[in-house]
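If you scroll down you'll find the structure; I have some questions about it.
We call the chains A, B, C and D, going by the order they appear; numbering starts again at 1 in every chain.
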Amino acid sequence: MAQALTAALGHALRSDRDVLILGEDVGTTGGVFRITDGLQTEFGPDRVIDTPVAESGIAGAAFGMAVAGLRPVAEIQFLGFAYPAYDQIVSHISRIRTRSQHRFTAPLVIRIPYGAGIGAAEHHSESTEAIFAHTPGVKVVVPSTPADAAGLLLTAIADPDPVIFLEPIRSYRRVRGEVADPPRPVAFGEAAVRRSGTDLTLVAYGAMVPDTMDAADDLAVAGIEAEVLDLRTLVPLDYDTLLDSANRTGRVVLVQEGHRTCGFAAELAATIQEEALYSLLAPVTRVTGWDTVVPLRRAEHHYVPSPERIAAAGRAVMEA
Amino acid sequence: MHQVLQTDGTLRAAAPLDVSTTRQLYAAMVAARTYDHKGTTLQKQGRLATYASFLGQEACQIGATGPLRPDDWLVATYRDAGAMWAQGYPWVNLFLGRTGDERGGAAPPDVNVLPPSITVGAHMIHAVGLAWAEQYRGTDRVALTMFGDGATSEGDFHEAMNFAGVFGVPVIFLCQNNHYAISTPRHRQTAAETLAAKADGYGMPGRQVDGNDLFAVYDAVAAAVADARAGGGPTFIEAVTYRLSPHTTADDPGRYRPAAEEEEWRARDPLDRVRRYLEANGEWSPAWQDELEQAAAADVDAAITAAEQLEPLGAAAVFDAVFAEPTPQLLRQRNRAATDE
Amino acid sequence: MAQALTAALGHALRSDRDVLILGEDVGTTGGVFRITDGLQTEFGPDRVIDTPVAESGIAGAAFGMAVAGLRPVAEIQFLGFAYPAYDQIVSHISRIRTRSQHRFTAPLVIRIPYGAGIGAAEHHSESTEAIFAHTPGVKVVVPSTPADAAGLLLTAIADPDPVIFLEPIRSYRRVRGEVADPPRPVAFGEAAVRRSGTDLTLVAYGAMVPDTMDAADDLAVAGIEAEVLDLRTLVPLDYDTLLDSANRTGRVVLVQEGHRTCGFAAELAATIQEEALYSLLAPVTRVTGWDTVVPLRRAEHHYVPSPERIAAAGRAVMEA
Amino acid sequence: MHQVLQTDGTLRAAAPLDVSTTRQLYAAMVAARTYDHKGTTLQKQGRLATYASFLGQEACQIGATGPLRPDDWLVATYRDAGAMWAQGYPWVNLFLGRTGDERGGAAPPDVNVLPPSITVGAHMIHAVGLAWAEQYRGTDRVALTMFGDGATSEGDFHEAMNFAGVFGVPVIFLCQNNHYAISTPRHRQTAAETLAAKADGYGMPGRQVDGNDLFAVYDAVAAAVADARAGGGPTFIEAVTYRLSPHTTADDPGRYRPAAEEEEWRARDPLDRVRRYLEANGEWSPAWQDELEQAAAADVDAAITAAEQLEPLGAAAVFDAVFAEPTPQLLRQRNRAATDE
């Protein structure tokens, strides 16, 4: 997935001089995950900009650039370091369109590696996508495959509104797959059906998709055919695919790595029971991270939903 | 502290402006004050939500925008209506914002003035981004950002100053040190001797000027703008002034500052000073003053009428200005809202 | 309610020299809402501290004070100005207990006026309690009555962990009621049943409680007897009272002023259907603010749930 | 730039320490370097998650903590293991943290050292709060906070400096300017001539010292501590040094800096300098060096063993360290987790 992202950024920079990249260490070293590797050499330090260590400054400067008509792609090194930029996102980036009634807009992308699973230090394993989904005026994208990563990123850069683009850290090197050259844009608001099934619906996004697929395989061994939906974008949300599947199977397991309370799975569960209650054969079940700090390496496995936990939830829902 | 025009209207140094431009800027100061008085009055009548007066800060507002071109950027605050107007932001927009109507934020297409910043401190980095974009594109536009003494305490001030310094961005930081942030006096805001002293920490020139002196403010900003246009990077200017009014119409300055202090500053009124100067040069008359005030009042009144005649936004408008196209989430909610009502 | 809060703060300062107050304009003027009025005169500028305009600094300094064993009560002027402090809250205040395995703790309170309804300027009408409820390690308190405001505040100050204390702006002057002198502490995690009823359950907290009570009155006129629960604290949450009522009535309307997606009502709906699905006679319904910026004065009424909207949802649920 | 001990081990000014204390601090530098080497090695063996070496910064770490009392506060970063240990934080805790175990953060009850800050910039204000609490209580404890050149760009640095200045809090800001923030060189971090120049903007004394000179660092911090204890308020110290190692074990400095630069700084090794000085005074011998290294290795090895022998935290522990008492939310989740497994 890492290479797909690099390819998409290169393509965007090549196609449009208004696109530029800024962030900590994105230039000389190509970023802590090497996603911008080689881009400063190709496009120069005015278009691939190493900034001081200041996330609010990065977001705020990108905002100004976007208002002036550029298409900045900012990188924050880890989701745990995006919180200093939260005020700029919530108070300004997400609101300038409303505030100015379309007169000014902020077509920018903030790329942020997120999620646990590599046993990193504290603050390096966050999945707090819900706080962005709760913020009116920003779109929230979480790819799970290389082709989606590249394609959704191109769509994000072309989008007329600000996009929070969350990249699953543990998929960077682990998840592989074909990507067209140049990458093909992938539309927002269209969930992907990663696996068809009639017995129950598993819903996931980002880093949890591979684990959810593994869980579906496990369930299949036991004769349970799960449909797996990959949401791809949380805002906008593809209600049609979600509700259609829920209505067909009547049993839904929502998978989310983030903290449980007020996570995105809560929104999905609330929505499904609001709109498909009478189809439900069992409670909509959430498999989530907990309301704890993400544990460090030695205890991380207690937190992150595993294929086993997802499969167990699937079995429980079948028995309910 | 840089001063050109003294309280009595005499010059300490050469005037940076010819007489005709001075008359124009004086007229703008009168207009700004007319609007400002009206704002306070309308709020008392319940016709505006709150109002933040800039009474006493007119030299800053008109002096700072004087050297700008119409295509330069201005990123200012809730207290900078005078400057925004001088840069092309219509009175009607300013009133609309104050009545609580989002359409106040929609500057005309050719006006590069952002809606006033309500948050303290976050907007200076926006000016940095705007100016950076102009630099990247190779235009010679600059960005002027205005903020208060209190705003210098926010972390975002620091990041904005630092980015501007590192990237040599064509931005001018104009701090109106009006001695208070709501009730907090300047000396409790920072232990620095002057606010201008902060510039050094960002490798940027810092100047302190008499903020009640139109010429001093104009002079300093003009130099900074010329520098920025020529690729010389950012400048920080501390304009020392005083808010003669309450913080907003909800505030009672009697709780935190002596009336005598207000009186002292009233004697340094920035309009009086220019008037005396013009008068001494035979360029001011009571009749002209009347003319200016009446023209300004007419403009301002027309703007109020226009603002108040506008129908409030309907429910659908609330959902339709979040994104270019409403998301499915918003469409569902818009429908639900329509059903509820 | 404003006076009740002032009384509680005065009582806390008088009872414990470790308690101190810090924030913008809390001293000389007594705060923008005059909640700390008179306290600096009584307790001096070392205990009621006017700070520079810097919310992250206020939260971070309070954190250090609390780690050193004091009991700071920080004030942020409006919830819309708490976002610059969000990083300190999420990354440090909420985590020091986990990070140090109980060795260091942060027993502090952050008081924040929240909510719309007074036609204020942008940023002055936020209800983003969900982002705090989504943050492990902070408690989230939202009083609705003067006695609760005072009593919960005393409990918050005595609590060994950090508390986000959200004060409903429009209730400051409008909601009146008796408060004991000194105020009696109110326990966390105990929802109040504000009205008993058997037909349906209305759940609210903070500023929405009076409006929900009005809606219940409206419904009663139509012969529908609603039970009204006031959650009082979101973290900890009183599951027993909530689920007991949901199980009894089978019909639930959740009321929340905050944005809809991933709001606290989503969590409640997800929980209720998880644990009481088979008792439900109708979908759990949410009456919420929308995924829009809170509109300014002239259009604010399109956003904030009104008694009419709540009552309409109640009727709809009865008909489902 | 303040310097006392020159690269060749000769004095430029009077030594601030007697010989026996110098020997103690030298021993501490040797211990710190022993730990540091071990950290890099263990990480390569996959026994630590990542490791951030402070190779070359030992004079900062040991010189800065030298003047502290055991009851003073220290708030430092992922790179300050040497300083934390010198202030009483056990090696075993430092290793535990690096293996990815929360118990690393539990300093012994009498050690006033916060767990290392992983976020850049947010922790300096914590030191301000701690020192403020001590001031409020009337003790004469101070707080020392350590951070890098990159950290000075964060908004929170600014707010911490400003609060310390306004409230005259007994805190010492020690910035280790090691020339890089990951790959970003100091001159792209800020356009300020020196980092010490930033202090003026907060009304605080700022000093620049040779950070590879144990005596210079000690000297500057000792003066600042004495000042702070006596009610003189905060001081900012920029210690100019160099990280001889990669940023962390995941970093490749070859991508952003020339090897020649590293070599230049290797010649300014802070340990060599003190060794030469002691040797010239007949206070150093190869045998003593061996003794120090062996003792340090034994300590460090024992700490590793202790850390690795500890059973990992169980699931329940994850839920039980969020609040003093788990909330109903957490109890339900703890049960669910137990069922799942």
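Quick note on the criterion: contacts are C-beta pairs under 8 Å (C-beta built on N, C-alpha and C of every residue); 3 or more make two chains touch, one makes a residue touch a chain.
Remember, it's a predicted structure, so these values are computed and weren't measured experimentally.
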TODO: Would you identify the chain whose Cα-based centre sits farthest away from the centre of chain A?
DONE: B
Task: Computed distance of Cα centres, chain B from chain A, in Å - done: 40
Open item on the list: Report the inter-centroid distance (CA atoms only) between chain A and chain C in whole Å.
Closed with: 30
Task: Inter-chain centre distance, chain B versus chain D - centres from mean C-alpha coordinates, in Å - done: 44
Task: Rounded Å distance between chain A and chain D, as computed from the means of their C-alpha atoms - done: 36
TODO: Quick one: which residues in chain D touch 2 or more of the other chains?
DONE: 102, 119, 122, 153-156, 159, 162, 166, 188-190, 321-322, 327, 329
Task: Junction residues of chain A, two or more chains touched - done: 51-52, 54, 56-57, 80, 84, 87, 91, 98-99, 122-123, 136-137, 235, 261, 290-293
TODO: Select the category (line, ring, star, complete, other) that matches the graph of chains linked by touching.
DONE: complete
- [ ] Mind listing the chain B positions that touch chain D in their complex?
- [x] 153-159, 162, 165-166, 168, 188-193, 197-204
- [ ] Show which residues of chain A lie in contact with chain C when the two form their complex.
- [x] 56, 80, 83-84, 86-87, 90-91, 94-95, 98-99, 122-123, 128, 130-131, 133-137, 235, 258-259, 261-267, 269-270, 273-275, 277, 280, 282-286, 290-293
Task: Complex contact set, residues of chain A against chain B - done: 20, 46, 49, 51-52, 54, 56-57, 60-70, 72, 84, 87-88, 91-92, 96-105, 136-137, 139, 160-161, 189, 235-239
Task: In the complex with chain A, residue positions of chain D that touch it - done: 49-50, 78, 97, 99-102, 118-122, 150-151, 153-156, 181-184, 188-190, 250-252, 255-256, 312-315, 317-319, 321-322, 327, 329-330, 333, 337, 340
Task: List of chain B residues in touch with chain A within their complex - done: 73, 75, 102-103, 105-107, 109, 114-115, 119, 122-123, 125-134, 136, 143, 155-156, 159-160, 162-163, 166-167, 321-324, 327-329, 332
